[in-house]
Structure formats: C-alpha cells, structure tokens
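Please go over the structures that come below.
The same subunit A turns up in both complexes below, where it pairs with subunit B and then with subunit C.
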Partner chain A sequence: MTAGAAVAARSSTATPRSIEPWIWAAIALLAVCLHLGRAAVPWAATFPAEWTLPAQTWVSRFVKWLYQDASLGLFTFQELTRGIAWVLQWPLEAAKSLLSTGFERGMGQQAVLIWPPLSWVGVTGVLTVMSCYARDWRLGLLVCGCFLYIAVFGQWHSAMITLSSIVIAVPLGVAGGLLLGILAFRHPMFERAITPVMDLMQTVPVFAYLVPILVLFGFNPVAAMIATIIYALPPMVRNTTLALRRVPTEIVEFGRMAGCSRRQLTWRVMVPAARSGLMIGVNQVIMLSLNMVIIASMIGAGGLGRDVLTALRSLDFGAGLEASIAITLLAIALDRLSQAFAARPPSASSPDEFRPAWRRHPYLLAATSVVAASWLLGWLIPAVQQYPEELQITTGALINETMKWLNVNFFDVIEALKAWVLLNLMVPIKRLFVALPWVAVVAALAYAGWRLGRWRLALLVAALAGFIAVTGQWEKAMQTLYLCGLATLVACALGIPVGILAARHERLNRVVQVIIDTLQTLPAFAYLMPVVMLFRVGDFTAMLAVIAYAIVFPIRYTIFGIRQIDPTLVEAAVASGCTRRQLLWKVQLPLAIPEIMLGVNQTILMALSMLVITALVGTRELGQEVYIALAKADVGRGVVAGICIAFMAIIADRLIQPWVAAHRHRLGIA
Partner chain B sequence: MKTQRHRWIGGMLLGLAWGLCGSAQAAESQDPIKLTIHDWTGQYVTTHIMGEVLKSMGYNVEYVQADYLAQFTGLESGDLTVAMEIWQTTGKEAMDASLATGKTIDLGETGMEAKEEWWYPAYMKEKCPGLPNWEALKQCGEAFATPETAPKGRYLGGPVTWGGFDEERVAALELPFEVVHAGTDAAMFAELESAYQRQAPIILWIYTPHWAPIKYAGEWVAFPEYEDACYSDPAWGGNPGKTHDCGKPHGWIKKVAWKGGEEKWPKAYAAVRNFRIDNKTMGELIAKVDLEGAKLEDVVAEWMKSNEATWKAWTQ
Partner chain C sequence: MADPASNDADHPVRGARSIKLACRGLWKVFGTSAGRFQEMLPGTPSAADLHEAGLIAAVRNAEFAIHEGECFVIMGLSGSGKSTLVRCLSRLVEPSAGEVLFDGRDLLKASERELIEIRRHKMGMVFQGFALLPHLTVLGNVAFPLEVQAVERHARETRAREMIELVGLKGRESCYPRELSGGQQQRVGIARSLAVKPDIWFLDEPFSALDPLIRREMQDEFLRIQSVLKKTIAFITHDFDEAIRLADRIAIMKDGEIIQIGTPEQLITHPATAYVSEFTRDVPRAKVLSVRALMRAPGGQATFAGQVRADARIAAVARQIVESSQPHAVIDGSAGLVGTIDRQQVIDLLVRQDGGQERQK
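Showing the complex of A and B:
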C-alpha cells in the first residue's frame, strides 16, 4: 500500500504548498472510507492474520541456534559468552567483597572472613574527601548527607551491593562507549552501521532480551550487569562522537603540527579537549545504570532493587519508598561527584613539587587515613564497622498511615475524576486509534516522511510501520500509540509551561531541577503501587506513571532551549521595547522551538520505554506482549514485540529530527 | 509401629555413622548448591528451611534471586540448582517445557496445596447475601460495580500471564461481571488493601499459601468443584453449552532441579525430594514474617529448632 501513498506523494511534488491540507484531507477521507467499507475491503482496514509473517518463530529459532549450535571454530558461541561472563565476574566479586561482604576464604558456611569490608564510616569518609577534592566542602556535605541517609535508614548493606555493581558497570560502559564512539568518529561507515543498532539498544525493552542474556551469560549478577551496560552504553557512544566532532579544528591542527601520531592525537589531544562533552555521556551512563537497578534485581543482581520489589509485594510502601530514595540519592551523589571531577581544572604542575609527598597530596592522605582509622576503630567499636541497628530509623509506618488516610478520605473524589477522564477522553480515543485502518496510517506516515525527507524517509517510515503490520502487532501497536501519545501530550502540555517559568525565574528553576532529578532516578515502581491504590489498575494508572517519568524531558529541554538563546538577541528585543510577554512569544519561544521539539522527541522515547513498567499494572499493549513473552520464555514473541516498540520510537525520531533541522534552517540558526 | 521403630534405629545408626565420618564426607561436592528465591514470603520460607537443612548436612548453600519463570533457563544450564516452589496453577506450562528438554528434573511435591479462586472480604456478605454460594453473584453485579464497568460487577483477575480462564468462567456461568486483569500480583493486592481500608466493594483472584487471606477477613466463592471434564467437555456442569462452568483447579506445588546435580549431590537431592510441609504450617510462618514483622531468619531458625525430628527425617 506504500505505492498508493507514493502516488499521492508524487502528485504533490510539483504542486505548491497550499495543496498540502488537501492531501491530508484525502488521507483522512481514505481512512473514513476504509473504515466504513471494511466489509468490502477487510484487508485494508485490519491487517489479515493469514498475511502475517512468522517472524516470531524465526527469531526463536535463530536464538536457539545461537546458543546451541553456533560455533566459532574452536569454541561455541555460548562458550565465548560464558568466558566473558567468567572474566567479568572477577572485578564484580572484588567490588562486592570490598564494599559489602568482605573477603572470604572457602565457601558457604566454611568461609572464613579474612578481611572485613570497608565500614560505613570508611566509605562515607572516602567519598566525602573525594568530593571536597573534586569541588568544595559543600559537595562534600551533600555526598556525606546522601550516604548518611542510607546508613541511618538501614539501607547500607543493600546499597553497597548495588554500588558494587555500579562501580564496575559504569567504567565498563564508559570505556566501551568511548572506544565505539572514537571508531564511529574515525570511520563514517562504522557510524552508519552502528546508529540503528544504538537506536534498538535504547528502545527495545530490556525484558525482550533478558532471556537470551540469561542463557548466554548465566544466571548471575554478571548477566544483570551486561543487561545494564547494553542499556546504558548508547548515550556514551553518541556523546563521544558528538564531542569529538566539536573539538575545534585549531586544536587538532596544533596537535598535528606538534608531530602527534594518530594515537597520540586521539588520546592526548582530542579526548582531553572533548572532556566536557564526554562527561555528559558519563553522567547519562550513571543515571541509566541506576535506572536499571530494579530490573537487574529481577534477574539476580540483588541490592536495593530487590528491596523495593519485596517491599512493594508485601504492600509496605514506606519501606519501598525508603529503598527507592536510597537509589535516587546514590544516583545524585555519583552524578554530582562525576560532574565535579569533570569540571575540575586539570592540575598544572605547581611549584610545590618540592614539598614532601604527604603535603602534595593532602586529600589522598586524608582518604587513606579515614580508611585506616575506620578499619582500626572497627575492630574496637562494632558500631563503626556496621551501623548499629538500634540507631536506624524508619518512616515506613508514617508513610503507610498517610497512604491510608489519603485512600479513605479522597478515594471517592479521585474515582469520580478518573471515571470522567476515562469515559470521556481515554476510551473514545482508544477506540478511534484501534479503528484506524492500517493502510491509511501507513499512508499518512509515508506522506509525512516524504514532506520532511523525500523518498528515503518516506520509504523508511512506511517500511517500519509496515513491519509492525506484517508481524501481526498492529492492534497492540495502536493501543501503545494511544497510551504513549496521550501521555506525551499531557506531559508536554504540563512540562513546557513549567519549563518556560523555570527558565525565567532562577529560584523556581532550582526547585524544579531537584524535582526532575528525583523523578528521573526514583524507580517508577515506588510510586506505581501507591498510585494503584488510589486509581485501580488500568490505563489511567499506567498513563499517570508514564507522565510522571516522561515529564522530565519537556521541562529540561524547554529550560535548555530558552537559556541557550543568544543573549544579544534578547537584549536587542528588550532594547526595541518588547514587553515581557512579547519577548516570550515573539523571541524566546520561536527560537527555542527546535530544542523543545527535541524534548518532545525524547519524551516519546521515554514514554515508550516506560511500557515495560506499565505492563505491570495491566495495560494491553506491546509492553504487555513483551512481559507475557518473558513470562512464557518465548524469545521470539518478546523480541518481535520489542522491535515493534523500537520501530515506533524510530519513526517518531526520524520524523522529528528533520523537522527540527528544517525549522532551525528557517530561523537561520543552524 | 514396628516398622516405625526400625526406621528410627536405622536412622540413629546412620546418624552415628555420619557423625563419625564427619560432615565433609556426607557432602559430596563442596560447590555451592544454588537455591532460587523469588519475591513472595512463602517461597522465602520454604527455600530457607531447605537451605538450612542442607547446610546442616554439610553442603554449601547459596540463595540466588531469580525471576519465577525466567529461572528455568538457569536451572537447565546448571547455573541454578533447585527451585523450591513451582505452582501447578501458575508455573506448570513453563515447568513442562523445561522438563521436556531433559535438563531439569521434577523432585516431587512439597505437600502444600495451591488454591486460587475468586475471593471477597467478609463485609461484602452484607451487600451480597447468599455468598459464598456462587449463584448469589448472579444478582450482585451492581454491588461490585465501578463506573467503568457498571452495571456489571468488576472482577479483578490475576496478570494475563497467569491464565485462569476467568473470561470463560464468567461467560459459562452467566455472571454479570467484567474481568479486569492486574499486571502483577503486587498491583492486585494494592487494590485489595485500598478497598479494605475503605470497606469498599471488591472481588478478586487470591491464592494461598499467601499472607492476604490471613491478613484480611474474607471468604472464597464456592463454585461448582473443578473436574478435568469441566474444562474440556461442554456437556459437564450447569451450562451444557459451554466449558469452564466450574471453579479453578487446586494444584500441587513442586520442586524442580537441575538434572546434573543429581550425580553431584545425591544426598542433597534426596533431602529435597523428602521435603514436606503443609499449608497450615506455612500460613503460620508467613503470618509471622509478614504480619507480625518477625525476621525471616529468626522464624526459620525457630521452626528448625522445634521441628528437628521432622527435618532430620528428610536427610536420611
């Protein structure tokens, strides 16, 4: 049916812009006709089941072959992956021993503790000293506070297990991303090859490839770590390529003139010069790794993620929230610390080189002495080694009581509101989306693609949408579109105004930043179950959860969009007598539109990535399909549904990106 | 009685021999036996009891967090050793698929019986007199309705993955209800907690052994008793035109293990085979942990202490 769209598209090539609304109207008319005449042309309204490609079976068969028969000559593919897992197990075990369990000889109950883990005082102390070194005492105070919370609320043991997998996963993700990014920078062919792979890695839900990973890498924390790395790696690759490209040519030229070899040029000149761009990637890797904590705990990572899951299963919201906050604080502490290290000016060799070693490295000395002192004291006073249980506090009971109070007193109001939204908005929209004939939707997408990127984009978009139809996922995909589309709309409608306000008022901005950082790192699980209590399972609850997570992006990008406007433009506008309102509507917003649209793009991606979570509250879309496939260990089914989700994200991305580029061009800021 | 006594003597002799040879000989391999733990308390308790018993036999034991259904791949490859609770009602399909690969073995039933059925809180009896008899539900759709489902009642079913044939049941028994699926059981119990706090109408899928029927006062709906024929033969039961005109089947809870472990730790496997516990004991242990807030380790240790004879018998 792509051909039909193509014909429509071709006829408009020579026509002026004014005909565009007519084409859209024609597509809409086509949709209505196909819907009304579904008796005559049933295949055009609903994709016929007998045309469906058995892609699920193919994938299942391929994966089975991969882990049973695939051989690389001397050894099988599975032996290779198991080998990798075995290698990675060592650093992971070491980190876990250092932070959480201590070093032991022997196994099980015969194990003898030969060296205790770092005590809570030691870890907190070292990280505080590091923060003081990286920036100042204020950061030290923040980091110290985060870790004190973890100790005081009794999350220490779990937090250290989580931290130990993070401190291994993040450097691996960063190193891998850096290498791939450099390769992509050097060889455009390679970049073109890995870009679609990166898109898939970021958008295919983790549940879809969890089972193959478990089979290939074994049922242990290493598999969880590898899933984490797969998920967290792409932003590092993208940021590396981007950052290297932004290194000023003068610097590169200078490096060449100084006689650098290619390797020296990369590592000694370009990578250091691109440091701030690279650090954005590092920051993303940290955040995404911590996002994965809950899912990783489902396949054996343990730690805080498991605590959250367990608490919620016994409806102990308080405990679930406390563990979730610990994850957030861990994320914030690590993020701020890594940013501080990035922003630290490189230490020029100073005249104090002649001073004794301990005076040259006061921070190193401080950190070492903290560890040594806490270790010594730990032998004498157990409270230093392990935070005493009697001093732990919990607000669990309070939170549970609050939930109960809210529930008893406000449920009826909430129920009435929810019923209204559901019956008057969500259900009709859902019906409309499901009833849309697939041919018309593909035609509309292809036409949009043609408008923005001519043939290539039109074909790509039509092919991706066609894949969804051909694999028999169309109806589920439309339900997905309805849920995510609506959530994106609401998130943008709320987020963009908040972003505008925050961009114009510094004090508000600070508050907003804290809130969106929390929303981004707080596991959705923590608020999902309380939301279920108030809103029951179903689409409404799912939509709230998606909005809560996705709203971060329109806010963030709007703030960024308005702030990055050249200040001279704003000054010129003010000088020519703009009121504040005019300044916003005539200058700031139009100039910020490209960034805001990128934010919308990101919102769509994130809404789609939340589907895995919404499946847990009983929605019926592609996310549920992936979840069912996981439960039935049906690899093919999960992967196909996962790819469909990814394709929806890619369609949105490919349509928005050229639109943004075109708009920038029109504004003359590209 | 006589046979009992010679078993005792035999057991004591074995115990003596075991004591003399030292624990190292009894345990065949020092590699850790990996017991999977999931995310519900009952399974924690059974697994920890088994783990402690194996430890007392001199084995190394590791508890590994694993997803209930995803764990089968681990059991097949030997990454995991024993799964203590596979429920007929929720895990049979995955278990059969796994057993068919020949890489896992069935270590028999745990003695607990999984029951799952429609369940309502006690206060709903006033609003729908005639319960627990299922026929009362025919008149009570309105009492269980919500705005989205009105005038039909709203029945909260388990996650789609659990199956359960509730849509078929509603159709076959002509109940004025709409089936809504929760995505996870956490969501299901969150709804129950919410409704219970407000004493609001709710009817949902509950299973046991679980803490919910202990924490909340309520009853199971009494449907016509399940028989295999009910699900396969339309002629069976009150509705001659349809299948599924009965309640849900009760089911076993089995232990499943990696096949290769049989040779590696034969005695441990024998002990796992012998493991038995009943619903009542289990319910009490779960209640201690989930409702009284006792520590799991303490509850298990206490049970081990007061039931030494029971678990010692498994090891022989």
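Showing the complex of A and C:
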C-alpha cells in the first residue's frame, strides 16, 4: 500500500481533526435548541414518564417470587437462605461470645454467665505478640496503642462485636475468594462468566445489594455478615487468579516434572508460590470488611458501626467521632498487622531443629501465657477482665462543647462560605445539568464512544445511558453527575498539583505517602463525621466528604505517572538544557498524562461510591434513592438506582480506558 | 541435515550401549489452526507451507537417540526451539506429532496417571531460573519430589541430605532459597532433580543465569557429579563452549530444526553447514581435536621421538610433540601404529585457527 492510500484509508475511518470541534458545537447547539424549544418537543428535553419501563416493579416482583415461591427441587429458596443464615450464625455467635459477651446459659434475663469473654488485657496482649512475631516491637507498640485507645475511650464492647464479625467474615471471604479464584484460573470459561458479575458487584454501590439481602436474610448480624462477605469477595478472586497467573512458568513446570497430581500442583506448589500476591488479597478483604462495618450496621450489624450510625442520625458528634476513630484505629491495626504477615518471609533458618517445642515457638508460648495469665488474673482483679469504667475517658462532651463554641463564634463565617459556594457555584451547575436535554447528553456520549471505540463503544455507552433514562432515573442521575463531577474536578484540581510537587521532591513525597496511606485506611464514613460537624447537612457537605475521600487517587496516580517515566528521558531533557519548568511541561506531564487520566477515572469511581454514603446527609440524587429504598426495604427501587449508579461508573470507565490506551499508543509506551 | 542414524553408527563408543530416549519425527507447531497441521502429515511441510497455514513450528521433525550414560547437548540460539524440544521430551509441552520413545515405550501414548508415575520415578529436571519453591528450605526443596510420592519423612530427608552433600551444600539444609547465591540455588536445583534417582536427567540451560566465573565452577561440578553418577542426560545450552566442554554429542538447532548431530570433534572437522562452521570458528581446536583428527597416515618412517595415543586431545600432548623435531608415532590401543604427527602440524593448529581443517583435507 502506498503512503497516500494509507492516509486515505485512515481518514475514511476516522473523522478528520478539523471537523471534530464542529460536531461538538453541533451537539451543544442541539442541547440549547432542545432546551429552548422544550414546549414544542417535551419528550426530547425531559424523558416522558409514560415511556418509562416499570423495571423497579419487575425486580421487586422477582425477589418476592424468589423469596416466597421459588423452589430448587428438594428445598425452596427461602429454606436455602435460612439454611445459610443458620450455618453462619454459629461461628458468628461463638466469636461474639469469645470476644465480647462471654458464654451464657439460658435466655434473656435468666442468662447465667458460664465463661467470661477474653479480657481486654488478653486480646490486646495476643495481638501485640502477633505483631512482634509478624514484624517487630514497633508494630507491636502501634497495635497495642490502638487497642489501648479503644479500651480507654470506652469503645471496647462495641469494638469487640465488630471484631468478632470481622474474625468470621474475613476467613470466609478469603476461603471463598481463593476457591473461586482457583476455579477461574483453571477454567477460562468460568472466569469469563464471573468477570462481568464481579465488575458489577464492585461498581454497584453497597447499599444497593443490602436491599435484597435485607429482604432475603432479614435484619440481623448474619445478614450483615453475608453482605460484608459478598462485598469483600471480588478483590480476593481477582488477586487469586492474578497471583496464580504470575507464578513463574518454571515453578509450575518443576511441579509437573516432580510428578505432582493436579491437587498437589495447586496446593503444594502454586498456592504457596503465589503467597505474597494472595496476601495482598487477604489484606484487601480485611480492609473492605472494615469499610463495610458501618454500612452493614444498617441491616443489623452491631458494634462500632451502629454507634457511628446512631450518632450520625442523632447528630451526637462527640460519640460519633469517638466510634469513628475507634473503627479507624481498628482498621489501621489490622491493616498493618496483615501487611506485616504478608511481607514476612518464611521463618528465618534455625540451625538447631532439635530444641524443645517451647523454645522453637516463643511467640506461641508468649501468646498462650498472656491469655492464661489474663484469665487467671481476671478472676482475682476485675479490672483485668473488664476495663474499669471510672478510668474511661470520654471526649464526647468536650467535642460537643467545642462544636458548640465553633458554631457560636464562627457560625456566620462558615455559613457565609457555604452559602457563597452553593449560590455561586453549585446551584448554577446543578441547574445546568438538570436542564440538559437527555437526547443531547446521550448523543454526546455516543459520539465520544464512537470517537474512541467506533460503533461497539458508541452503542454500549448509549445503551447504558438509555437505561438510566428508560427506568425514569434521569433527573436523579443528573444530580449525581453534578455532585460527582464537581467533586472529581475539585479533587483533581487539588490532588494533581500535590502529586506533581511530591513526585519532584523526595522529602515531601515521603510525607505525602504516609498521609495518603493513612487516608486510604479510613472507612468511608469516617470522612463524613467531621464535615457534618462543621457544615451540617446538604450538598455542600456531601461534596466536601466526597472530595476528602477521593483526593487520594489523583495524588497517588500523578506521583506514579511522573515517577514511572524512563529516567533516561528526563536526563536527556536536562542534558539538552531544559529548565525545571520546561522539564515539567514539556516532558514529564505529557508522558504522565495516561496515568493521571487513570487516576481521574479512579477518582470518579470512588466519588460515585462515596456519594451513596453521603446520602445520609440529605443529598437528592441516586444515592438517596438507594438509601430510601433500604429504609423501606423496597428491593426494586434500590436495585434499579444502584444499577444506574454502576452504569454511570461503567460509562466513565469505558470512555477513559480507550482514551488512555490510544494516548499511550501514540506515545509508543503501550 | 545429517542423518542421525549414520552418526550414531560411526561413533566408536555408541554401538555397545542401549538407547534410553529417542524421538522420531517429532513436531511442535504453534498457531490457532492446529488442525490444518494434521492434514499436512505424513510429510514434511516446509516453513513456508506452515506460515501460509498460520502456523509456526518450534520443533521441526526432530530425530535423535540418546544412549544410556550419554551427555547429549542440544545447542541453539534463543528462539531455535531447544527449550520446546526438551519440554516435548518430557511432555511438559504436548508435541503436535511424532514419537518419544523412553526405554522403548512411546511416552505420547502414556496416560496422565502413567506420566505422573514416570515423572515421579524416572525423570529429573533442572531449570534455568532454578524454580525453587520459595516457602521451603533447602532440605524441603530437595525432599519435595519424594514428598509428593508420599515417601515417609525420615527416608526422604535422609536421601535429601545425601544429595545436598553431593552438591556441596552440607550445612545449609535449613536455609531458604532467598538466602543463597545464584550458584548455590542451582546446586539445590541439581540436588533436587537427582533426589528421585532419575533415569533421564533434563537440564534446561542450568548455568545460563550465572556469572561467567560461577558458571565455569558449576560446569566442573557438573562434570564431577556426572563422573560419579553416569546419568543419561539431555542438556540444553546456547553456549557452544559449554556444549563442547560437557557433551558426548551435540545437536545443533536452528529455527526448530536439528541441522547436525555429532561429537564436538565431528562438528569441528565436518561442519554440515556454514551455520555450524560459524559456531565452531572460534573454538580452541587443540582442546577439542584428538590426535587422530590431525595425524597423517604412517609413511614408512622408522624413527620416532616418542608415542602419543590417537584419542588424546592435541592440547594434552602439544608440548611433548613440539619439543622434538622428530615426528611422534600415533598408536591406538590394540591396532598399534595408526599414523604420525609432527611439530609443524601441531604449531599450525595452535597458531592458525582454521589450521586443523586445512590439514584434514
């Protein structure tokens, strides 16, 4: 083919650059016309109510049928769910008794305590010993400090209820994820089948699948734990397949040459060789389970989550903040501990293998003796068994006082700030988004899809957007888009410069890394509490919470994008006389753009998931729909709104990913 | 391509020993339309034919036999298909066509269960990247092949300790792989592959990942172990120097095809193609060639400065021959005088790299 023919072929498949702005202008013009002429063509401006499909009713009816009539041959679906709940109830009860309530005989008022729970000294001691074993005494100190805080600030009882559900949910999630992951690794068909399901599970906001679980399993701790497991499972599955795939071929070949059977190959060669990758998955399961703690309390989990939720609902910030901090500390302790176990090499070589057992396992011995000693002492000194109430500190009152003082003295300033932003920025943008005619928006999305991925992507994007319109969620979706878009914009505007600075200054980078690591450990709800304390409820508060939650991602991806540039390119630029500014604008940023865009993509996804949680502070978008559905146990309403949010996330993802791929390809770094 | 059968026949040592592992008409083709390859058989489709069908041949019609106790080296540059070939021999990679005869029995017809049994008891393999299990100690790694056969703990650990001692790692039994240097790790790999007393020992570029000095040390170690155990070996390498140091016979591969099989000496004296002579050009001939390859037919001369054996390497007798102006008699055990060799011939060989070949003609 000649060069001329090649150019001609390309221009016939791609719109020449020169007319692209005109097409966008035409779409904008269409939007304006449709808006102005909304009296003439009302169906194009706002989606007509009579066209909507009763998807909500269908979903509700289906779940009702599932629950009431569905039969799986030997037993009904209802019996199945009850069976699952019954099986899961036992370990959960046992863990709760062990950690929190103690073992009792009898019911209600007549209950007699026959065996006390592990004392606070015992639990703290065991976890401290585990930390020393997994890494060093510094980690031990950190974990010990976290649990001491929980005891001193009177959060012990709730924290142990939370911990008991984590202790059961995490192993189940890990085991389930591991098995599914191995299956997916072995059978590509199975993998192809579960990948879209997991994609949807990770993009549908958690609240949305709380609703069917609520209906199927009821309002109780077991239902909450099932929700937690489902929520935490997908990353474990993904990590398992990924880690198994990354086991070096030679190791697998060795296993086969050694004559391993399939089972031996999986369990004795591949899984141990994939250990570090699998442990990342375990860590994620722990973190997601903790993230779920507060949310799960909406369908019956007790513990810290419920404390936060109650405090949030009654605007008792002092109590809420303390419980939030307790969750955060629990998360930090478990996160660092599991990471330490992940990074821990197999036990160091000991030349002398014939020492007595207690010499070979000093940590096991220490942990057992801590438990035994605290149990014995617990009988003698009640303070060892239960942290004495008179020594508890509560900052609740202090915080509430401070809040009162802040509100008395700075109410005007805060309110003025809030009102100014709302009036001049948020409300106009919200109006603009809501006024956008749906036909124009779908057209714009489809055109963007066509530009990036031809007909397939155009059709996909238009279909997803169309679903939102057809199910009658358009206006709420636009409100979601406005809040999410604004929050993403602000998060990126703040985060990208911070990322650039950090990438260029090693010292700053170290500080920033510690901060973003900590921020990522915090459960989503923890962001809500302080903002609500200062700004009360409303869109402004929601936006701030979303920004705080999502800002980590533009920072992290920007740093990564700039750092991963081939150092010789930077050296070449410096050698050819670039100033630092030129280096940034002419070399580093253009090369880091793909990673930064992936960061934006992640920010959007995180913002959408956080929006659902901010529904608690009274926004009026899709998240609120899900929240209301949860309160009313209206399955159809919750699921449909949840799917709409997932579709918005998928649209953003599917448009940004090919853009990044194309850009990388152009840079030759595909 | 040189006919492998005739090569076997004219080698002095081979005839007596039995064939341990052989392959006939062995093919491995990659590509989406593997079915089309089956239609081309029997026959030898050319690279162009395969390309047309959207196939790539990693191993093309391989044919050779490895004798009991022989070190058979498969040599080729990267992408020549040597690793695929050795994996076909153990069925780590499923060949597309052909036969692999192990003790006279076609491995390709073995069931999964039989294959596991064969691998457990009769095969050992050493890998380029060591492939040690990171979660096991040296002892655990070496004992692993016995562990999967359910050998009881005491027996397998005794055997593993023996092997660890054989490779010179006594005292490091409870180390983890990450605590060892590359050379030590490969020693573990070697000990592990020998733990089951394999009949056939596959080594896939075992020393390629090591530094040159360590590599040399490991080659010496390998020769020492082989002199004790006398295993039947299929050894893969891309390093011709390594091949001539270790091999009884070498197969040279290019683009999936074996282009010549022969002893190091045969490859140097009778390269089948220009490609082979390209490899052999920089080889220190005196270390490879025997007196037999260089000698002249005895020509009625009566006075000799001394005697040399026909199968001695030139390098070993060079000083003796060069020190005298008289030629030396070449004798071959039972046959007595078989030729003569003089100072000039040896000097030509040592000075001019291509001397040996010229003399030969």
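By our rule, the second predicted complex is superposed on the first by the 557 of 670 C-alpha atoms of A that agree within 3 Å, B and C clash if a C-alpha of one lies under 4 Å from a C-alpha of the other, contacts with A are read in each partner's own complex, and residues count from 1 in each chain.
Definition applied: contacts are C-beta pairs under 8 Å (C-beta built on N, C-alpha and C of every residue); 3 or more make two chains touch, one makes a residue touch a chain.
Nothing here was measured: the structure is a model prediction, and the numbers come from that model.
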Checklist entry - If you stack the two complexes on chain A, which partner ends up touching A:253: first (subunit B), second (subunit C), both, or neither? => result second
Item to check | Contacts of A:383 with subunit B and subunit C, given as first, second, both or neither | outcome: neither
Checklist entry - Looking at the overlay, what does A:261 touch: subunit B (first), subunit C (second), both, or neither? => result second
Checklist entry - After lining up the shared chain so the two structures overlap, which partner does A:632 touch, if you call subunit B first and subunit C second: first, second, both or neither? => result first
Checklist entry - Which partner does A:574 contact after superposing on A: first (subunit B), second (subunit C), both, neither? => result neither
Item to check | Chain touching more of subunit A, residue-wise (subunit B, subunit C) | outcome: B
Item to check | Partner chain(s) touched by A:408 [first = subunit B, second = subunit C, both, neither] | outcome: first
Checklist entry - Of all the subunit A residues, which ones make contact with subunit B and with subunit C? => result none
Checklist entry - Tell me, which parts of subunit A touch subunit C in their complex? => result 248, 250-251, 253-254, 256-261, 264, 268-269, 272-273, 275, 345-346, 349-351, 353
Item to check | Complex interface listing, subunit C residues touching subunit A | outcome: 87, 90, 92, 116-121, 123-125, 127-131, 133-137, 144-145, 147-149, 174-176, 178-179, 202
Item to check | Of all residues in subunit B, those that touch subunit A in their complex | outcome: 30-32, 39-41, 55, 59-62, 64-67, 69-74, 77, 79-80, 93-94, 97, 146-148, 156, 159-161, 180-191, 193-194, 197-198, 200, 211, 290
Next on the checklist: Show me the residue ranges of subunit A that touch subunit B in the complex, using the header's touch definition.
Outcome noted: 107-110, 210-211, 214-215, 218-220, 297-302, 306, 309-310, 312-315, 404, 407-408, 411, 415-416, 419, 422-423, 528-530, 532-534, 536-538, 614-620, 624, 627-628, 630-633
